[in-house]
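Please find one structure pasted underneath; my questions will follow.
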């Protein structure tokens, strides 16, 4: 299997030995390179996801979806981006100016920080903390600050209601999302993402962990999508009630940030689910079938990772385009009366099972 | 950009209606004169704008139902990339005035239009929005939304069938493709249509006659 | 205990129904799409024959129409969509003055396609076409003249009924 | 009948019964009106508990008002009570809004159009027109040009407060003002431009957290003055305005107006036309209920369900377009019959549609009705008791969900409805889920009505001969039809001309919106939208 370490160490070598730069400059250039690469990937993934969602949603609805801008509508999203980038940004008269303009950046930074810590393929991992899971949980919930600020600073009643909903929703669902991930941490015995992936080499947790892992997986998907405010949990936005919820007053690129962040958050949730439950970039190995395992090894690790992500994303889209939106009390009931008790029992059961 | 170079898939330029207006439009643009580099950039932006016109969900009456039909499966306007209907005027690019606008609604429509971010477009869908349609003799109907906000495309019909709406949107795309994005002011062209003059004079004469008869 | 059983029962029932819902959307995903590709199919797609999109006045090869400018359509139109502008012209045979159509102006912007004009026309001079591609940039372009320039009324073998109808309409 | 007359005479000595009218009509003095109304409502043997409509008229020297009453307990006995004001300059009447809830909006409407002030009305604001509107449009001397287009926004203060007229102990009229909302209320305005108000309706809602405390609907953003226009239109021209009232029941409304004119002319309509009209009515009902289902699902966030509903509605549009040439506005019934004969493919297409629709309904139930999210939401909010339903005048599927048997196809059968077997769908509880289910079950029932008729369309003419210029005899004519939202009533007051003297349409949607107040109080905002969807009102029908 191709290891991306080869590429990264070649660049490192190039800078240090061939160009003879000192440690500081090498690191600086490497940081910039990594940053640029991540930004590009971030934007690219958002573009691909927007197209995918439009197409898949159309197919669910017996429609065709974009098909006139470029072949099969492939460059549709680029046109959208050009438009959003050049649209006027309207400053709202009686808004809290500084916070109003700051809010979208919180959202985008929150999701970008999480994005940077994901292991995309073998050796393609920007930062590998030893508390990776904790870090991801912490920074991925930064986004809600942006949403609450947006709602509060816009001086719009719809926005405020949307923001309050977002706050309640995030605080609730963070619990079961965290507990579901902790279940896997118990199984892996580590919080480091690379270790978690490595420990799934002989079988993904979803298979190894049996029913516990399956329950945790489903709970994580539900809670994760609730955290990212996507349907059927799109209460903060709830188009039919609050027109556009917390981002009602945003236009142009400011709105574009929310729009892009929504899709990358979808990807991030799927990527975390992939890493924690579906073995990350690990190929599918079935113990005993060596020939099969070897064939699987030939498929690049990045393909495995993105393939699994695509599967999770498809699940999310399938659910989103099938179900109606929950009401706020239903949403909280689902978390506090169903998901949280189950995940608590689940983690306790796993802990017992592991110690035995 | 010239009209000839506009390309809309599957409909040749000469089969579109009202090319005269666009020619006049281009003439006016040329008078102002812009550099080639700016024009090229403007073309790229126009391409983006014309293929990503997000409508505001705004409907007052009957035409709104036909507008929903355009959004639904049979005449899917997502194919053109216009499916992201925004409920907030700040994020919308085009307002479909689908339905009658009455005098109580007029200030609201004006405010909605003002709330939209530039560049913004208006399509008058159906008879009521274009001219007052079936309610021309009413005391409370605004006879054509162009009295309130500038209109880019008129789609006649009562209500227009979904394909006619798609055609109207393609007309709008053609107009957007000709625009100069960097121009500060909106270009208003008033066409000289002799037939309309005759019709209006005749109508006024008849109304005077009727009033005199009373 | 009972409430606990109910809790799980409703939970599993709920999950089952949610899955059934997913099944429906998946079957629709696999179904044939119903979308009609409009601009692509504009050459092949035929509209229903009774569909009304625009009022027209059919002319024959000799550039002749049937309208005798009686104005019944104008009278029956609910909102002044049709304007029949006529002029008086001396009939070359009888020498009597006769009403002749000058301009038949139709404002598609106000038309409500109610079919009152076509159904009451005594001469069947007007008909509906199915050309719905009418969107324009200027409101004034919505006015159309339905009779071709320099067109004439079809001379009937017996010219008697035509002036008669015109006279009654005049009164 | 005689018994009723005697009782009324006993309560109101001034009562005069009119001769040769379609329904029992009684003229009373305005001072005896309130006394009579109170007795009619509260007397168990009379029990006129359903005020269907209040019709305001300009009588020339004074302004008149007709109250149209029905007794749901008493075999739907109908009664019209007429009264008039003393003069035109300062017209006042006693309000009956304390007896029937539906009178609240109707009296505001009469005040708006004719300027009659109702003493004792709790909230006498203009209903459709702006507070600064000059003149009263339905008066005959109203100048059409008197209110030019203005781009000045309505001032908030002007419609925050409201006028109230009361009689003090000396019998003098006392004016007072009151505030609609407290200063501390968190008031959120839904509309006029809002995705889920089903048209341009403004709902101002005061909230307590997410819970609705008080709701105030504000109409008139699509008031086109159709009733005034009708007064200058000939009868065949009015048909097109009828369609544009409730555009989702266009064919039914048009049919109703044709029926009213035909009744007045005593015109015999060919059987073929009667059958085809009935089929068109039922198809329209299905299309409307489908859209109602779809938009309710959309209001609850299920966009896919919305698209499915619209997809299947297109099949009906195809049937309409092939035979009638129009999609939304079929433009098919005319006075005396039909515009043209049915298309040769009509029966085949309808027969194909029936099994398809049945199959799709099953899918709808699996996708949306049984979805636990949707079901719990619908089952937990929006209760309307039968007494409230009658008092607010909530007819149609929404009224039947509260177990009020109000189907006009059963009460006063018109067209071919007495020739077919069908059930009146009612449900017990009057919740959102019941309203939702009534609508879907009615689709099935309509399909069975069509099935019974489609093969039995008799041969013969499709249109009776009518005079080129239609003049109605002098008199007042009423016709009720069951449109997709309920009791649609057409009132024509004719003076024998080719144009009517006054036309009034009773909009079923108007009462549906007024019923929002009792149904959404104490519910969440999300449910406000959902309940609005379940009531399924069409705003242009209200505003006319």
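First chain written, first letter: the chains are A, B, C and D, and each begins at residue 1.
Note that in this section a residue touches a chain if its C-beta (ideal position, glycine included) is under 8 Å from a C-beta of that chain, and two chains touch if they have at least 3 such contacts.
Worth saying up front: this structure is predicted, and the values here are computed from it rather than measured.
More contacting C-beta pairs link the chains of B-C than the other of the two pairs C-D and B-C. Mean C-alpha positions place subunit C and subunit D at a centre distance of 30 Å. Spacing of subunit B relative to subunit C, judged by their CA centroids, is 21 angstrom. Subunit B and subunit D have centres, each the mean of its CA atoms, that are 34 Å apart. Centre-to-centre separation of subunit A and subunit D, using mean CA positions: 50 Å.
Counting only residues that touch two or more partner chains, subunit C has 18, 21, 24-25, 28, 33-35, 37, 51, 78, 112-113.
Among the residues of subunit B, those touching two or more other chains are numbered 9, 73-74, 76, 79, 87, 134-135, 137, 158, 161.
Each of the following residues of subunit A touches two or more other chains: 60-64, 239, 243, 321-323.
If you sketch which chains touch which, every chain touches every other chain without exception.
Taken together, the subunit D residues at the contact with subunit A in this complex read 186, 188-189, 194-196, 210, 297-305, 307-308, 311, 367-368, 371, 373-374, 376-377, 524-527, 529. Across the interface of their complex, subunit A is touched by residues 11, 18, 21-22, 24-26, 28-29, 31, 33-35, 37 of subunit C. Residue ranges of subunit B in contact with subunit D, taken from their complex: 57-62, 64-66, 68-69, 71-74, 87, 89, 99-100, 102-108, 110-112, 134-135, 137-142, 147-148, 158-159, 161. Across the interface of their complex, subunit C is touched by residues 59-64, 318-319, 321-323, 338 of subunit A. Of all the residues in subunit C, the ones that touch subunit D in their complex are 13-14, 17-18, 20-21, 23-25, 28, 34, 48, 50-52, 76, 78, 112-116, 119, 128.
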